[in-house]
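The structures come next, written out as structure tokens.
Consider the two complexes below, in which subunit A is the common component and subunit B and subunit C are the respective partners.
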Partner chain A sequence: MDFFVGIKGKDFVMVCSDTSASHSIISIKQDEDKIVPIDDHKVFCIAGEAGDRVNFSEYIIANVKLYALRNETELSTKSVANYTRGELAAALRSSPYHCNLLLAGYDKETGPALYWMDYLATLNKINTGGTGYGSYFTLSLFDKMWHPELTPDEAVAMIEAGIAEVKKRLVVAPPHYIIKIVDKDGVRVVKNV
Partner chain B sequence: MSIFSYNGAAIVAMAGKECVAIGSDLRFGVQLQTITCDTPKVFKVHDKLYLGLSGLQTDAQTLYQKLMFRHNMYKLREERDMKPSTFSNMLSNALYERRFGPYFAAPVVAGLEPDGTPFLSGMDTIGAVETAKDFMITGTSPDSLYGMCESMWRPDMEPDELFETVAQCLMSGSDRDALAGWGAVIHVITKDKVISRTLKTRMD
Partner chain C sequence: MAESQYSFSLTTFSPSGKLVQIEYALNAVAAGATSLGISATDGVVIATEKKLPSTLVDETTVQKIMTITPSIGVVYSGMGPDFRVLVRRARKTAQTYFQTYKEHIPVAQLVRETAAVMQEFTQTGGVRPFGVSLMMAGYDDNGPQLYQIDPSGSYFAWKASAIGKNMTNAKAFLEKRYSEEVGIEDAVHTALLTLKEGFEGQLSGSNIEVGVIGPDRTFKVLSEAEVNDYLQEVE
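Coming up: the complex of A and B.
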């Protein structure tokens, strides 16, 4: 079960994912990076059905790139979020993609943005959020600790507190996690836990 | 769990004296987990027309986007906003188009006709319209909302009184509903302005 959390700070978005790739009871690898870059300033965290996840994320990323090439301009985070929702909604009643996802991005004009979407294509703009079993243990914690002027260090502290909670209380807690930040300088790894 | 109570909502609309008010709760959740507390379910179509959509939120979002598209096309052709009664009929038609694969959303339309008379209508998921002179509700705890509205509504309420009534009905009606609540937003539409107020309710 994939664990993803996202936290929007003052001028950045921080996302964390677990790094295990497994098929039912077998662990394939423990250092899989599941936070996928869409372009320089946006990332996808997609959880869900094995084939759908990769297929859907590659499809969206390719179309975003195509738009940028055709129109010589990058799409904003809001546009990508709504485009993704449109694609999920269009496929919903024929061959749905079973993926829940977080979209984190930074735009020069509007700053950081974090979007949550479920497999039914319900889109919400959020300050803190997550998908999967892990989110059950972290959402309330983030509600308590979040404030609008959050700094990157505070966000890391929040995420580590969340991970500690998951490791303590989730029966099949993933052992390793990767934390990435999206801000005006792009996407980079903050920490491996 | 029923598909209509997957996300959760509570929407109340009432008519007063040359004014209407429509309000909704702010919770967005997935079954019993609350995801956000800032998701209103009432959308503005134009200054004198608001639309409330309960039910499955993905279909509510899709339906709202489709209707805004149709309203924008209408505005370009007719060079004016759509009357609430016309919008209501268009919405009913849009829902029935999908009779055998419906949008799982139940709308409430609230607005002022061009001559100032209040207009309220509500529909089921396949577009069966009912108009009302007093109030219209939809959501995951309809019985509570009906009970509150039936006892509190009186004819010819002024805007401030109407706001208080809608606020109390919405709050009390959704207090006992696990899937709706976490705050409320209420819009009071009069012929020259719209006043929107956000309320803090029982945060559970």
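Coming up: the complex of A and C.
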């Protein structure tokens, strides 16, 4: 089961994902990067059914890129979130995409933003959140530790506390994780756990 | 002339490389009432003559300047009914964009989509080009903008321009009067003076229409009283 969490800080968004790719009981690889860049300042964390994840993310990313090429301007995080939700909603009553996802982005004018979406095309703008079994163990922990002026170091500490909790209490906890940050300088890896 | 032999079908080029129906559509525009637009540092103004066929027409029900979105307005020269159709399409395009992205469509994109519709009608069987040129005024994150869209589907961004009957004189007048630093208030005055140049009779709030958009990004058609106030300042 994929583990994703996202935390919005003062002027950044930090996301963490596990790095295992598995097929039923077989672990295929332990160093898979599942945080996918949409453009220089936005990323997707998509969990769910294998084929749908990749197909859906590639579809959205291609359309976002097309918009940027056509109009010589990039979409805002809010626009991408609503566009993605719209695509999930349109497919829902015929051939749904079974994906839950986090969208993390940084816009120059409006700052950091974190959105949570599920396979039913629910869209919520959040400060902290996650998908998968792992998130159940981390949500209340984040509620306790989060505050609006969060710094990147505090966010890393929060995520590491969350990972520790998951490893302790989740029966099939993934062993390795990758933490990335999205801010005014773009997307980069903070840490591999 | 050999040209006229090719004027029967819109979708056939003439030997000189023209699509004659589009030329004729531009003639329809040039026969229409004068409209103009001026882009200022902090907004855009568009204005038009509202010449009605008879004094018996209830001029309060005639509206030539239309709002497409709260931050984009448009005026035309040419055939009124064709304008209505384009306004309808443009409004739908703008709402579809908002539905998808939950953000307002940028002016340049709406212009492009509308121009694409007009171009479609120059390359499809069984239709004729639209007999209007549009002046679209808007304010978005790229600032105040003014665009002209022609029946051919070509579009241009202008600092100031005029279309319709008196466009050559009006454009010459604007060329002399226009400056890059002009603010929205001065632009309204200049617009009224430009309309006055080619106007037969006395300008008043009931025979012209003025639309303005400022830094509040809200397009507004001025009321008759407001137009009369501006006219008094100009006299």
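Points worth noting:
Keep in mind that, in the parts below, the second predicted complex is superposed on the first by the 193 of 193 C-alpha atoms of A that agree within 3 Å, B and C clash if a C-alpha of one lies under 4 Å from a C-alpha of the other, contacts with A are read in each partner's own complex, and residues count from 1 in each chain.
The working rule: a contact is a pair of C-beta atoms (placed from the backbone, for glycine too) under 8 Å apart; a residue touches a chain by one contact, two chains touch by 3 or more.
Just so it is clear, the structure is predicted and the values come from calculations on it, not from any experiment.
Of the two partner chains, neither subunit B nor subunit C is touched by A:S24. Looking at the shared chain after the overlay, A:S76 reaches subunit C, while subunit B stays out of its contact range. Counted by residues of subunit A touched, the larger count belongs to B, out of subunit B and subunit C.
Within the superposed three-chain model, A:S94 lies out of touch with both subunit B and subunit C [touch as defined at top]. Contact with subunit B, but none with subunit C, is seen for A:G129 once the two complexes are overlaid on the shared chain.
Once the two complexes are overlaid on chain A, none of the subunit A residues touched by subunit B in the first is touched by subunit C in the second. The part of subunit C that touches subunit A in the complex is made up of residues 99-103, 106, 108-109, 141.
Interface residues of subunit A, counted against subunit C in their complex, comprise 71, 73, 75-76, 78-79, 82-83, 86, 109. For subunit B in complex with subunit A, the touching residues are 7, 28, 30, 33-36, 39, 56-58, 61-62, 101.
Within the complex formed with subunit B, the residues of subunit A that make contact are 85, 89, 92-93, 116, 118, 120-124, 126, 129, 135-136, 139.
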